[in-house]
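These are the structures, in structure tokens.
In what comes next, chain A is part of two complexes: it sits with chain B in the first one and with chain C in the second one.
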Partner chain A sequence: MNLPRTTLLLKKITRDTPLDVPINVRCLHLTDINLKKQAGRYKKTPRGDKPLTYEMAYAPHRIAHYKSWNSWNTANLLDGLRPAETLQEDAFIRKFMTGTWHRLFLSEIIIKRQHNLIRIAGIIHQAIPPRKLYFLIGYTEELLAYWLQCPIKLELQTVPNRSDVTFKYI
Partner chain B sequence: MKLKYLLRAVQKYKCSYKSYSTEVEIDIPKRIPRGPTDILKALASTVKRDPTAPHYKYHDDPYLIPYNNFTKRSYALSQESGRKAARWIRQQHKELFQHKIAEPLIEAFIPTPEYNENSEVDEEILKKLINNGFVSDALFVYNLLRNKKIDITPSTKQSLLEFVCFTNEDEPISEDWISERWFLMGMKNQKDSNTWKNGGLAEQLFYELKSDVPSSYSAIICGMCKYFQVSKAFEIYSEAQSKNIILNVETYNSLISKAKFVNESHPKIWELIQTLLNEMAERKIKPNVKTLNSVLESLSKMNTNRNAKTYALNTIAEFKSLNIEPSLVSLYYLLEICSRNKSQLSSMLSAILDYASNKNFTIRDKKDISFFSKAMEVCSKLKDKDLLYRLHELLLTGNNYNLIGDSFSESVYYRYFFYLLTDTEELSKVMEFYDDLVPNVYVPEPSVTNAILKAVCNNMAWDLLPKLWSDILLFEQYEVSGVLENILDIASQNEDKNLMEGMSKIAWSAWEKIEGIKRERSNFQWSASALGNIILILLKSGEKAKANLVMNKLIQLGSSAMNEPKIEALSLYVDSCIESSSPDVAIKCIQYCNDIGFTETTEFARRINSSIELNPRQYEKLTSIVGEDCLKVEKKKDQSR
Partner chain C sequence: MSTVVSSCYKKPVLFKFSKSFFSFDNIRKTTDLASKPGSDEDEFRTLDIRGGKTPQTYSRKKQPRVVFPPRTERMPVDQDWSNVWPGPRTFHPASVPLPLRQGINKLGASPGKVGNVELMKIPNFLHLTPPAIKKHCMALKKFCTPWPRALSTNENCQKYFPLELIQTDYCHSSPSIRNPLARIITIKFPLDKLHLDEHAKDKFLRLVGDRYDEETGIVTIVTDKCPLRKQNYDYALYLLTAVYYESWTFEHWEIEKSQPDLEYYDWDNSKCKENLIHLFKQANQNMEENNLLVERLKESIVALFDEVGTTDHKDLWPGDVVSLQTCDTCGSSDSLEGGQPHVATNHGFHGAAAGHP
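This part shows the complex of A and B:
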């Protein structure tokens, strides 16, 4: 029997309550909980032609099983230092990178911290000549170093086509 | 039974216990004092440079790895220019970069203050600027202080004087720009000309200071010597002497190294050096390694003198008795001193290598970095491969590679290295080094590539050609004069049947590469011999259609192309035309042969006439080129047969 729960409840009421309760009483009204989870998940397209990277293809609960974290640091462990600042700085770095390396990053921006060193990794598109990429590397490393006042290193990999990072289509 | 066994076991145990407990003196080693970075150094010493990986200043990604000298330079400098852009942004938006995260504050991350007429300045700021080496800022602040009539203590003035003398009021390239300094070629070619700023700030400061601060004499003399205002330096020196002022050791060093500029004749120069040295001894000034180097530098300038070598060796011996070991540049000067005489040079270099082998050198003189390239040049001059191996081993000992200098002297070193190897060593060994060093450590210049190609040719090692050709493509040397011609010439001499396909691939890729370049961008011109070689190679491996294309180009260029193709190629081409019975193409070829003026033209014509049935039009054309007589003679001969 697949009736909506409200009906079930009504039936229950009619059976269990004393007869003096009128039948048209307003009872507790319940609907299903909406367990819709959206963050970090991608919607299917009707044509099924939306490219996803490996990272995008797995939902957040797969982290540490099928995929890994995007920020690596110890700020949130017991006695970790500067948890709030680290989060805010990471957000800043991601904004800075997507803006400075416009349409070049094909993967998530991975930020790894060790002591005072910040390593920023990712996969970029070979859309501009290496010379210009080197300019951007130098610029990014230096400017972020001034901003965050610690040594910054970029660890980039390049791919010739955007489709090279596609893991599946949905 | 069991008891017996147990007893034996106990005895055994006793025995072994005894042997352990014998009174052996435990020798606890003395504590070795370690520095804070010693463990890092020990760890670093376990890592050797990996020749298969690019230098660590480049990104380790196939797209971002540079493969030729041009890209090596441009990538490194691009990155540095990006860093400069970031610094510019920081300076433009100073107010945004004033936050302080690092604890303690790291000044390098904070924008540097700028000064204008209204800035509040004091002596402390000037001192700081001098310590940090900001030339123009220091000069500006100094002028500001003077205009505001703020007094400066003589000690600060003295340090400003030393600073100005050291830099000659020019802003040097900051040490932050490592790549720029690495790729700077001008350092070597710096002319020994007088660049001292006469009547500049240094001299003003000196005249203000000289009565109060005796060390101002030392500073100004050093500065003048450094920038080749030598005669004035010696004037001030004699003034200091008359006032009985004691100069420091650096001053004597710089005077000694410039002794050549005040005296013409060699004996006088040597005399001057000796008086200076004696004076140092009198005044109890202890010489250092730079004193030795200065003496040798002056001696190296007079290497035409017979006594120079004796003087030099005596000097080194004397300094050794003072416990001053020669540094690398001392050895460099020794080579310079002996450079006139080949046999002397050879014995000197081998003695130097005896002395230096397995030694770990650190930089003790700014010019130490010039030794290795010079020594390799000498090796190549002497054509002595044993010396070469010993020198190379020395370079790879410990951290000696740090003393190779800059990109220029590194490539000079490897250039002579490969010149000598290709001359004297067997090819397999050369290729071993080649595989090891190219392209990550060194990219051969066209002349070196040609030398290697020549060695390949002499050894008939055609199997190496495909690899070399792919390298040439990688280094973008195919357009450089000679390289393309050479490799095609060698490939055309190939006799190995199995390699024919590889050769034809080379020839065809060369053709496609050159034809693919836009004409406006390059001024490459086909030489007829190169085209001829391509035709020859293609025909040898049976690629007629491709050969036709190249032949068309050859005919189109006609006599405007440089030199002439091999007759062998044309003959083979005519044969192939006969084989495929295409007389029109063959006649075109003969027309070309005639235009160029080959004597074999008539022979080709006869060959065609005798082996292919020509229609009247073709026959007419052929006769118009070589004349009817030749063909007729041939016919008659045939008939008589």
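This part shows the complex of A and C:
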């Protein structure tokens, strides 16, 4: 057999290190930690023509300083009730809204809860006739009210152009 | 080659197709052509598929969508705002005639109200303007009754309704109105409102324990054992009743209560008073003559025993004892040292304490 030496070594050495790391592997970092944060941040384009809304323009650590939350409820306060259920319902509502109002929402979907009332707010594009809009509002309210067993209110604002919500270009 | 005979005409019309394939569109075109007015009915009409004069296909023009201008432009200045914004609602720029801005822009002005999500996120109080609240109150007023005149002041309320009931309702943003903390009931009442004699009060305080606040004289009972508020309320009232009647009962073993079991310093039955009487008798003096001194001494000693650890009594009592001593010295000088070591020694406290450990 004409195996390289490292392979032979690996076969010989019993692996009793806790992380099952071979002993001949160097566990030492000589470079700095990157600490790169990417969530909720957007990359610059070479041309600088990527439109960002106000919400997108500020990174998540600006919440409560420059911008506010997208979900308003009391579940995560001290001694709040149903935090997990609220989060799951909010995620469901967001998914349902983006699917039902396909390519129409120009902003994030805001979910505000008061007692058992759920208000869903946001900015939509005037891309469909008002008749369809009214249908979608009724449809969404009815179905979500049936699923979540809560009164639902859709409070939407419409803008004629997609660029109306643009805050800056990067 | 295939031939198709259309049966929707009086006379059969024969069409010739160069292809064996046709679709529904073809039929529509052919019927359009065939039903052209002014065509000769006697002859068979032939269809020219290869061009010629074809009618222009109808294309739908894209209608410009009618978008109404924002409502704010049509609002009169003297409108009733509570009709425009009657209840809580997410902000809408077309309904609010205010030049609002929200957000931070380092390069220019803050974003305006149109297409501004930040304004939609935050709770607004546009439905709670002072006129709206006034209107609301006026509407509710007809359901209100006047406040009882006898309860005009807080003191009167406390006098006629001494029992204070504290319960908490919780408002959540959740579909459930239940909160386990809402079951807790607290009742408070001043102890002197209860009809208790000396024995009953003593027993009541022993039963109640640290639920009695000595500074304010208020007894607080908190119940949270039952799952429902009503049950806890009933339980609290039951406890109050039970403790009250229990404190009035006199068990046979309560006769065995002696001086050390007392929760206060009983001056009248104390060894100290006995000694003092003896002292005065030896000095051939009447105790009533030195009433002021005796009172002061009594106060000092009672305070000394009742408020153990709360005040520094070292400065309090020797002065009184010394003044007693001087008074006695005026009458009979040797009677103090020989006759009454309990009070007259420098550590007269020990003598008194002998009667009340």
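Heads up, the rule we're going with is that the second predicted complex is superposed on the first by the 141 of 170 C-alpha atoms of A that agree within 3 Å, B and C clash if a C-alpha of one lies under 4 Å from a C-alpha of the other, contacts with A are read in each partner's own complex, and residues count from 1 in each chain.
As a convention for this text, a residue touches a chain if its C-beta (ideal position, glycine included) is under 8 Å from a C-beta of that chain, and two chains touch if they have at least 3 such contacts.
As the structure is a prediction and not an experimental result, all values here were calculated from the model.
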Checklist entry - Now for A:167: first (chain B), second (chain C), both, or neither, which partner does it touch? => result second
Checklist entry - Which chain, chain B or chain C, is in touch with more residues of chain A? => result C
Next on the checklist: Quick check on the superposed pair: does A:126 touch chain B, chain C, both, or neither? Answer first, second, both or neither.
Outcome noted: both
Checklist entry - Between chain B (first) and chain C (second), which, if any, makes contact with A:36: first, second, both or neither? => result neither
Checklist entry - Which of the two partners, first being chain B and second being chain C, lies in contact with A:47: first, second, both, or neither? => result neither
Next on the checklist: I'd like to know which partner A:75 touches here: chain B for first, chain C for second, both or neither.
Outcome noted: second
Next on the checklist: Under the stated touch criterion, which partner chain does A:150 make contact with: chain B (first), chain C (second), both, or neither?
Outcome noted: both
Next on the checklist: Applying the document's definition of touch, where does A:66 land relative to chain B and chain C: first, second, both, or neither?
Outcome noted: second
Next on the checklist: So in the superposed three-chain picture, is A:142 touching just chain B, just chain C, both, or none of them (first/second/both/neither)?
Outcome noted: first
Next on the checklist: So chain A touches chain B in one structure and chain C in the other; where do those two contact lists coincide?
Outcome noted: 116, 126, 148-150, 157, 160
Checklist outcome for this item: Per the touch rule above, chain C residues touching chain A in the complex are 65, 67, 88-90, 92-94, 103-105, 107, 111, 114-118, 120-123, 171-177, 179, 181
Checklist entry - Can you list the chain B residues touching chain A in their complex? => result 59, 61-64, 66, 71, 74-76, 78-87, 89-90, 97, 100-102, 106, 109
Next on the checklist: Could you list, by residue number, the parts of chain A that touch chain C in their complex?
Outcome noted: 53-55, 66-70, 72-75, 79-82, 86, 106-108, 110, 112-116, 119, 121-123, 126, 129, 148-150, 155, 157, 159-160, 164-165, 167-168
Item to check | chain B contact footprint on chain A (complex, rising order) | outcome: 116, 126, 130-143, 145-150, 154, 156-158, 160
